[in-house]
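Next come two complexes built around subunit A: one with subunit B, the other with subunit C.
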Partner chain A sequence: MATGIRDKVAILGMGCSRFGERWDMGAEELMVEAFLECLEDAGIEKDKIEAAWLGSAMIFVNVGLSALPLPMALRLPNIPVTRVENFCATGTEAFRGACYAVASGAVDIALALGVEKLKDTGYGGLPNMGSNAGPSRFLQMPNITAPGSFAQLASAYRAKYKINRDDLKKALAHVSWKSHKNGALNPKAHLRKEISIEQIMASPIIADPLGLFDCCGVSDGSACAIVTTPQIAKDLGKKDIISVKALQLALSNGYEAQYNEWQGDHFVTTDICSGRAYKEAGIREPREEVSMMEVHDCFSITELVTMEDLHISPRGGAIKDVMDGFYDREGGLPCQVDGGLKCFGHPIGASGIRMLYEMYLQLLGRAGKRQLKDPKFGLTHNLGGFPFMNVCSIAIIGKYGA
Partner chain B sequence: MAGIVSFGAYLPRLRLERMGIMQSMGWLAPGLITAAQGERSLCYWDEDALTIAVAASRDCLVGMDKSKIDAVFLASTSLPFADRSNAGMLAATLNLKEELSSADFTSTQKAGTTALVAALDTVRAGDKKQVLVTASDHRLTKSSWFYEMWFGDGAASLLLGKENVIAELLGSHAVTLDFVPHYRGSHEKYDYNWEERWIRDEGYMKIYPQAISGLLKKTGTNIKDVAKLCYPCFLGRAHGEIAKALGAAPQQVAGNMHAEAGECGTAHPLILLVRELEQAKPGDKIIVAGFGQGSDALLFQVTDRIKDLPKRSGVSGSLARRKPEKTYTKLLKFNELIETEMGIRAEVSNQTALSTLFRDRKLILGFVGGRCQKCGTPQIPSQRICVKPGCGAVDSQEDYEFADQPAKILTYTADMLAVSVDPPAFYGMVEFEKGGRMMMDFTDCDAKAVEVGVPVKITFRKKYFDRERGFTGYFWKAVPQA
Partner chain C sequence: MLQIRVIMNSTIEEVLDFKCCNLREQNLEIHVTNTGPETLQVKSGCDLESEAESLRLDYLYPPGLQTLPPGETIAFYCTLDEQVLARFQRIVFYDSRGRRHASDLRPAP
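Let's turn to the complex of A and B:
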């Protein structure tokens, strides 16, 4: 009988590069920046790492195929390295690979590293895939962009809950406003400027109803984690041990995209994935028990509806919670404390691990000006793909034994 | 008896005001003012001779049994492929059976009537029950030229057969003459035109009368007994004088639709014929003639059955579905006659895997999905395992046509980031009322008409053009119904 991942794996160390338009660095140098911090934090020599997982998503503008760029950049000693890709859940997938290796007893110490170099395309936004999306998909899918894909949530959410356009737009503006406030406190964030609700509301439309400030940064960056067992972490002299409480994934199967039931207003996968994650972590009342979250706020509307799929806000109740400041840094359940994808930035392959990095810093009391009071559980969430066909990943970490 | 079983037509909804051309280019070509009246039909950026042929053919096949069609003829001088059966593509979009003859009729402006004659000959030969003839044109001209004003884009379609005939063929007559009012070399983009006065005097005024009087003689018909004469002629005065030369009164001549659409190439005689059929009474005799390197003339007599034909859009419906357009530069951009900056985002690989296209042909060209024979759920694309939760039947899908299914908008956006010839790009999830849904591009879209729950109609359009390889890719899009 499976018993889940809870408290079987500890985070020995973490590192994260500065995110942003890193004209100064390629993917290889960004990996080194994150890795050196991580290795120092872990307090081990790199030859103790027995296996590694590399996450990178946009291969044609990034490191390319195979896992080779990781051992080549970090000069790892001929260990097994695997490259994973699963849309925006890529970073969390790399972390999951490393955790499962440790939990299975196959290795004692494993590395998970995510990296993305997006700013070598020559234009804004994510790369346009064209026929590289796959020869069959190319023939039938609209020329869909990320903002255009997620913007559709707004149309369906408004229709379902009979919300007028302005009320939703204001709530979306609050989502971004809050993340900009948080990002301003983060020295590693891509966007470090507070902006007003009025500025957000007046920003040019990208994909109706989303404006420029409803969209997250397209960034370069890397983040990594070294994981081991709680016992080895103790043996290595770690006092405050941060352990993995839950690691879950849920993927669409065509139900949303092809079967006439889902109304287009939320994420079926997140709804299911979060339920499984809370069960694995032993959390019964997420609204009370989860201390903080880093969710996949690729667009403000994504964050808003995700609050319901995570069973934090009731169905149709996210707008009220957002406007009440429940998800602000001073609120009941602080969300995007590090600025989120919105302001920390979104180098796809690195994002899942960057979210864990913030939770890890917060749990260890190392989050500086952003530090929350005595957090217990931190939840991270990624949503890759489209509202109608996606990959959802959720991780929960906390103090060992909590 | 052989004749017309059904008819249909399609004009793009955009109507460019000819004065718009004058206002943009009159400084260069002040003579344009003499032709700058009325409006011409204009293909949207994702329409071409094939897509409008598909639209006209679907209109023609309303209420018809597609399984009876044994051949498809497509006439045009502006088809997207020089070597790939365009008629074969048309047949695939209509999801006709594979055991079918198909042929493109091209290289002359009379190709529409020539295809019609060939189709009727085929039907009379008896081997094939019904033949679908569709003529369509989307001709390009250089900018700032009278022909840019005279031409329109449009298509018409006729189903020919021996049963349930709404207009019986009484006879046809053909003339072939190497008279060249204009020509277009094999690899040229534009026509080269000779002087209109010569075209009028030696062409229209002589060749039409030769073909039509030949037809009258052959069928023993007195011109006075003909209700309508349908023949294109973009020279307004000559149009009337041809009838006069034949001894016909002005009211016997079908208008050339210059004011509201312009001349639609090979499709034009068929468009004029369809327009007359829409208002014809049983017993009416109608002559249709085309003009190119010679002329074809055909005489039909309308039967009682015309009253039973199910309602269709036709020419009158197309004319009513009109969106005025003043901006001349849209004609230039939609037809790729000017080079505009589209950004690096547009520099994407769009190679078509022909093997994939063939495997997926029913979906891509026919918009055919599946319906599970176990649970009855329609789904698109069709996959081997049924999508309905709890069903999961394997290899249970039967073909299911989605193109004519009622549908509505479930989600949508207007995207300014996506590369588009006419931003924003509208797209969203389209839900079919009887089951099935798909993320689809929207087209012919008015921003105000787009909202959750709004009904859509499904239309066949260009999806992409692979400039590097000269390949046009097509798929189906949703048109929100205001």
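Let's turn to the complex of A and C:
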């Protein structure tokens, strides 16, 4: 019987590039920037790495096909490297591959690295994938925009819980305000200035009710992790060991898009995926036991609704929790402590591992001005696609043995 | 009636530059609030005035007429040198019926 990933894999080291409009660097240099930090943190020579996973999504504007860019850029000597892509869950998918390789005993030490360089495209958002998205997806998502689709989620959420527009707008503004406040403390964030609630509320509407600050932008960045077994980590002299508690993935199967039951107000995949993740991690009361989160705040409404799908806020109760400051850095369960996608932007392949990087720093007490008091479990969440058809990934990491 | 608030060298400049195509160096942010009882349509443009001169800013973003219900605020953005703004005492917006809505740039202490 399967026993799950809990405490079978330890994070030996992590690294993260500065995110931003990195005109001075290509994807290869971004990989090197993150990797050098990671390698130093792990305290090993790079020839100890036995396998690697590369996460990169927008291959047609980015590193291209195959996994070759990773071993070429990092000069890793003839090891197996696999490139993965799974929409916005791409980075976490690379991490999952490396963790499973270690947990299976296939290798002792593996690398997961995510990278994306999107600002060179000249787009404020993601480039249009067109038929590159695949024939079935292209048929099911003709002419759709991401803001438009997530604005529909906001409308459906409002309708279901009978929330007036102003109350929802204020809660969405608080979500963004909090992230920018946190991002101002992070030297690796793309945007590092606080924004007032008034500025957020007055900003232009992109797709009603979502305004400029409710939508994240894209960016250039890379993040990576070196993983091994807890025993090897101890043998290498690591004292504070951070281990993987859960790695779960849930993908839509057509239920949301093709049946009538779903009302468009929440993410079916996140609801299911989080239940499995808590079970794998041995968490019974997530609101009390999870110490901090980085969730996929591609749009403010995504973050707000996700709080309910993660079983942290009760159904219809996320607005109250947001306005009470429960998800603020000083609140009961801090969310987007590093600034989130709002301040980092969203280089697709890197985002999932960038989120894990913040949880890792926090657990080791290395988060500087953002440091939380004695966190135990950190949860990361990615959602790729649209409310009606998506890929959801959840990872939970924590102190070994916790 | 419009209430006008000007934010020079706004933090939003970086955000617009980051998220919006070809919308760079928008360092001046102007909040316009409808404090009256009726919905107004506000022109995307304004005049800066002093005793000696006036300057029309007709390149605000977002462009076109903006509908503003009572109590709501809309933000406009543009590029303007801080020293240029310092030459003026008033900022004036116009609604679709041609009415002036002026506000002091340097309110009395």
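Basically, the second predicted complex is superposed on the first by the 396 of 402 C-alpha atoms of A that agree within 3 Å, B and C clash if a C-alpha of one lies under 4 Å from a C-alpha of the other, contacts with A are read in each partner's own complex, and residues count from 1 in each chain.
By definition in this document, contacts are C-beta pairs under 8 Å (C-beta built on N, C-alpha and C of every residue); 3 or more make two chains touch, one makes a residue touch a chain.
Because the structure is a prediction, the values reported are computed rather than measured.
Shared-chain residue A:213: touches subunit C; no touch with subunit B. In the superposition on chain A, A:190 contacts subunit C only, with no contact to subunit B. By the document's definition of touching, of the two partners only subunit B reaches A:144; subunit C does not.
Set against each other, subunit B and subunit C differ in how many residues of subunit A they touch, and the higher count belongs to B.
In the superposition on chain A, contact of A:159 is made with subunit B only, not with subunit C. By the touch criterion stated above, A:201 is placed in contact with subunit C alone, subunit B being left untouched. By the document's definition of touching, neither partner reaches A:23: not subunit B, not subunit C. The residues of subunit A shared by its contacts with subunit B and with subunit C are 122-125, 204. Put simply, subunit B touches subunit A in their complex at residues 343-346, 348-353, 356-357, 359-360, 363-364, 377, 379-381, 383, 387-389, 410-420, 424-425, 427-429, 431-432, 435-441, 451-453, 463-464, 473, 475.
Subunit C contributes residues 7, 10-12, 14-16, 18-21, 29, 31, 61-62, 73-75 to its touches with subunit A in the complex. For subunit A in complex with subunit B, the residues that touch the partner chain are 121-125, 128-132, 135-136, 138-145, 147-149, 151-156, 158-159, 204-208, 253-255, 257-260, 263-264, 386-388. Of all residues in subunit A, only 21, 122-125, 190-191, 193-195, 198-199, 201-204, 212-213, 215, 217, 219, 345 touch subunit C in the complex they form.
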